[in-house]
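Take a look at the structures listed below.
There are two complexes below, and they share chain A, which is joined by chain B in the first and by chain C in the second.
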Partner chain A sequence: MTAVTAPRRRLTEGRAVPVATMVLAILVIWYACTIWLNARWQLQVFDRAGQADWTIWQFVAGTFAQDRPVLPAPHQVLVELWNSVAMQDVTSRRSLVYHAWITLSATLLGFVMGTVLGIALAVLIVHNRAVDRSLMPWLIASQTIPILAIAPMIVVVLASIGLTGLVPKSLISTYLSFFPVVVGMVKGFRSPDALQLDLMRTYHSSRGQVFGKLRWPSAMPYLFTSMKVGVAASLVGAIVGELPTGAAGGLGSRLLAGSYYGQTTQIWAALFMAAALSATLIFVIGLVERIVLKRMGVRP
Partner chain B sequence: MNAGWIVFALVVWLGCWAANEYLVRVETRQAGTRRAINLVVPILFGVSLLALWEGLVRGFNVPPVLLPPPSAIWAQITSSVPTLWADFRQTFLKSVLIGYAIGCAAGLVVAIAIDRSPFLKRGLLPIGSFVSALPLVGIAPIMVMWFGFDWQSKAAVVVVMTFFPMLVNTVAGLAAANAMERDLMHTYAASYWQGLFKLRLPAAWPFIFNALKINSTLALIGAIVAEFFGTPIVGMGFRISSAIGRLQVDMVWAEIAVAALAGSLFYGLIALIEKRVTFWHPSVRGGRTGQ
Partner chain C sequence: MNVAMPGHTTVKSDPVPANFGKPVIEARDLDLTFQTGDGPVHALSKINLTVRQGEFVSFIGPSGCGKTTLLRVIADLEQPTGGAISVNGLSPEAARKARAYGYVFQAPALYPWRTIGKNIALPLEVMGFSAAERQTRIRDNLALVDLAGFENKFPWQLSGGMQQRASIARALSFDPDMLLMDEPFGALDEIVRDHLNEQLLKLWAKTQKTVVFVTHSIPEAVFLSTKIVVMSPRPGRIHEVIDCDLGTDRPLEIRETPEFLAIAARVRDGLRAGHSYD
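So, the complex of A and B:
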């Protein structure tokens, strides 16, 4: 323990260096996999060209530059991302920003509905024992239903009665995102301890006052934690909801189109876009959390 | 519009509600009675939901394409048992179970491996928790391209989806044993492996089971969604997507019922094992359940 010198300890104690190392390692592994997985096709290319004496450099460069690689190299994905994000008009159907916006709006609508529904259910559960006992097991069971599996059906069926666009996708997002909020908020509303509740009683406060002045504020940290889980889930819901609506756009339809036409780079670019979207949403909620909790005087 | 059905639904619903309000107020000392009440209350609620569904759908003449009544779904289930069984075998017994086992085992082993190196832990944990928040189902088309149409590609999706929650939870769980307990193992001159198997792994069980439970639903979702991207002509995802195409909504709902039942049983089985294994944990031992 004592042998660790100061600079080395600083290197290993922060998070930045280990994470950067791991990302680098993943990139190296990715490039290695690219060479390995694309090798067969590249050999065929050389074969067809009648090129018998290729150097190892030509071979590696070839595996990194295929049109429809089994696994595109990271830089190919980045180039595709750059081409479809920055080089296209934002309103064009070739722009990833356009598709991401469609997905994002469905996600946000569903997320807001899910959060409101989750909070409402949690209020009911906390205030009524019959609801608590009868609803809670079914809520848990409702999440063991692979809702994503029926997401396409919900979209198609709702489309058949004329309900298209954002709402069907958002409903799936709602279903996925309300559950973490219910569980978190029930825990949060119950987090005030007996002493605090007794104090409220000595003040002769009504149920509403107990809720507004004690339960709601003490549930805030729980709300943000579960909202982070919920927003990630609603993004997944929106993407899967877009799978059957191939023409209507969105990251999900981009994935499906990519898989139909063997455009692997396009799939990976859409995946990266989805990852960036999810990270941004979680980051924004974290930011709001910090501001709200600070203004409420909760220790960070 | 059929008022009789609506009235029937409302009566059953209100009746069940009243019964539940009464049942939760029953004060009893007998453990058996209390357990029975805890079981009956949610069942009554489920029955009232089904009655409400059936009554409202029939009462308002909702087109079956939109939402078939539960009785029609039940009729479809009973009349197509062989198809449902074949799909279940393809999706659940092959893709889900195999993928789940591989993914969870890999996550566990990798977590134990990186746990010895603080550097790896600090590097991989943020990445792991980041990746487990990603829409990983999106890799389904890639996996189908790599591993072909049969169950292997679905199992691969399930492996990737279950790996990261397991990794993150196990690493957190391995840190759960406190310093006092570790010191005690040290005074016993326990080796690393003895400390791992006798103290740290048992202390990590609640976390590991948490991951197993999360993964049980993720695995089913992953396998079914992956089948939308290409499959042999059997499997729950395939059946759902092809039945939607022909607007055979009954069949879709029958598959959903099977999936929901399988998912709930899978989850329940893991919860049961958890109760046996982590009998010492406050959440199992304590009087209040449902946390």
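So, the complex of A and C:
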């Protein structure tokens, strides 16, 4: 037993040191930036208070404790996160969990629609030359349009026909997440080599059988890779979709409110929440990937 | 099957041995030119060949002489650009659609996400065999290639030789009348190869299947075949067809006998003569 687990423990130890070093380095740089970026305001504070004989420690402590800092210190963000996550009722509008859930539901709905749409388009593209030629340029063009420009239009247009809330945001998520899935799955469906295709041909198998027994399983690794990209894009889409709606809630509205009132700490807390959300989503997809690929006999 | 062959053992065109059945493959003036980036490649030129029911025919020849291409034309994986070919009296396409043959590729080409058993079941699934029927056939064919007990292993857990055996079991699983085998043992060591040759010979004697077999090895061709087709390159064509009359009961030791060595020498001469054309 110990002989089996020992190498694994050493592996995690081997990883923990560089990760810790990285985190430490980032914290040091962050605190340095905090001092630097908040310095001007701190000087003004001392000025206004008529305090001329401040020490360097008072100055540094001041830059770490401002109400509306240019850059909040890491511990300020942590305190804000703690206050808005743990100290609030999750149904309260002041709870970050409440807002994260609103964003997450739009993200998931948009992601599922985007993945299904992406797979469907990839199936069409792989099986039909005309579709491949005519559709692909449009798909690529669709992704060159800046999402910030069309997101408000989508929201406004859909609101005018009575669609508000979850659906418009999800549609923006769909719009961003289907593309990596199309590209990945077209590649995946085309990944079987000539030999594997010839084999199916010798059995006189139908197109459907070639798809089900060869193309689909071959595309599995591609599916998970593109889903990871897609879910991150989906989250961005949902947040962007929340910006124009303003007060309706969600991490996006939280960002917007924060920037309205100069609540930088609140903005950073929302950003961290979004990053944690996206990391969790990618982690979950990675977990499913590992389970599925293991069942497909991929060499460990 | 064991009846002695007629005296003429070398015939340039088509020997007509009385002891085999009706022709299953007939090629007349078959031609195939590949159009490639650097000009046309004349892969097959004026191929005339008859393979009869129950024969074991080997294609032998230097690399690039068109052995694989000819096998692929028979299998309807490649379209000839001239001449005529029939398989079971049908066009190759119709024969393929009638599932006339099992094809063993040079590489095992097992699907890595399927277990060995599931790989063998692949053609059975495509052809709509019942689950129970699939199960018995998986078991029978695994036993046939000495892989009983490996049903639930994935391909990467098997050695190259075992994978190739699995691919043969897969080709046999739906019991086609004809086996097309493209250098199935090319990548294996001598001992494994001998063993598989013996097993293949037993299988052929037992099932009376028609086998078309591509090889680079003279001893392998002589040991297995009833007819050896010597091919030569540029353009790929049939140089000589040599009858190989060693009977169906061939122990490995037959390779030391004068009869065996005489045929091997003739194949070697044929290969050499074919080579000196260019």
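Going forward, the second predicted complex is superposed on the first by the 282 of 300 C-alpha atoms of A that agree within 3 Å, B and C clash if a C-alpha of one lies under 4 Å from a C-alpha of the other, contacts with A are read in each partner's own complex, and residues count from 1 in each chain.
Here is the rule we go by: contacts are C-beta pairs under 8 Å (C-beta built on N, C-alpha and C of every residue); 3 or more make two chains touch, one makes a residue touch a chain.
None of these values were measured; they are calculated from a predicted model.
Shared-chain residue A:Ser278: touches chain B; no touch with chain C.
In the superposition on chain A, contact of A:Arg93 is made with neither chain B nor chain C. Judged by the touch definition given at the top, the superposed model places A:Leu243 against chain B, while chain C stays out of reach.
Once chain A of one complex is fitted onto chain A of the other, the partner contacts of A:Arg207 are absent, as it touches neither chain B nor chain C. When the shared chain is aligned, chain B comes close enough to touch A:Pro137, but chain C does not. When both complexes are overlaid on chain A, the residue A:Lys294 reaches neither chain B nor chain C. When both complexes are overlaid on chain A, the residue A:Arg40 reaches neither chain B nor chain C.
Touching more residues of chain A than its counterpart among chain B and chain C is B.
Residue contacts after overlaying the shared chain place A:His75 against neither chain B nor chain C. Overlap of the chain B and chain C interfaces on chain A comprises no residues.
Residue ranges on chain C touching chain A, taken from their complex, read 75-77, 96-97, 99, 101-103, 105, 107, 109, 111-115, 122-123, 125-127, 154-156, 174. The touching residues of chain A, counted against chain C in their complex, run 195-196, 198-205, 209, 213-214, 217, 220, 296-299.
On the chain B side of its complex with chain A, the touching residues are 17, 20-21, 23-25, 38, 41-42, 44-46, 49, 63, 65-66, 118-124, 126-127, 130, 133-135, 137-139, 141-142, 144-146, 216-217, 220-221, 224-225, 228-230, 236-237, 240-241, 244, 247, 249, 252, 255-256, 259-260, 263-264, 266-267, 290-291.
Contact residues of chain A toward chain B in the complex are 12, 15, 18-19, 21-23, 26, 37, 70, 129-130, 132-138, 140-141, 143-150, 152-153, 156-157, 160-161, 187, 228-229, 232, 235-236, 239-240, 243-244, 251, 255-256, 258-259, 262, 264, 267-268, 270-271, 274-275, 278-279, 282.
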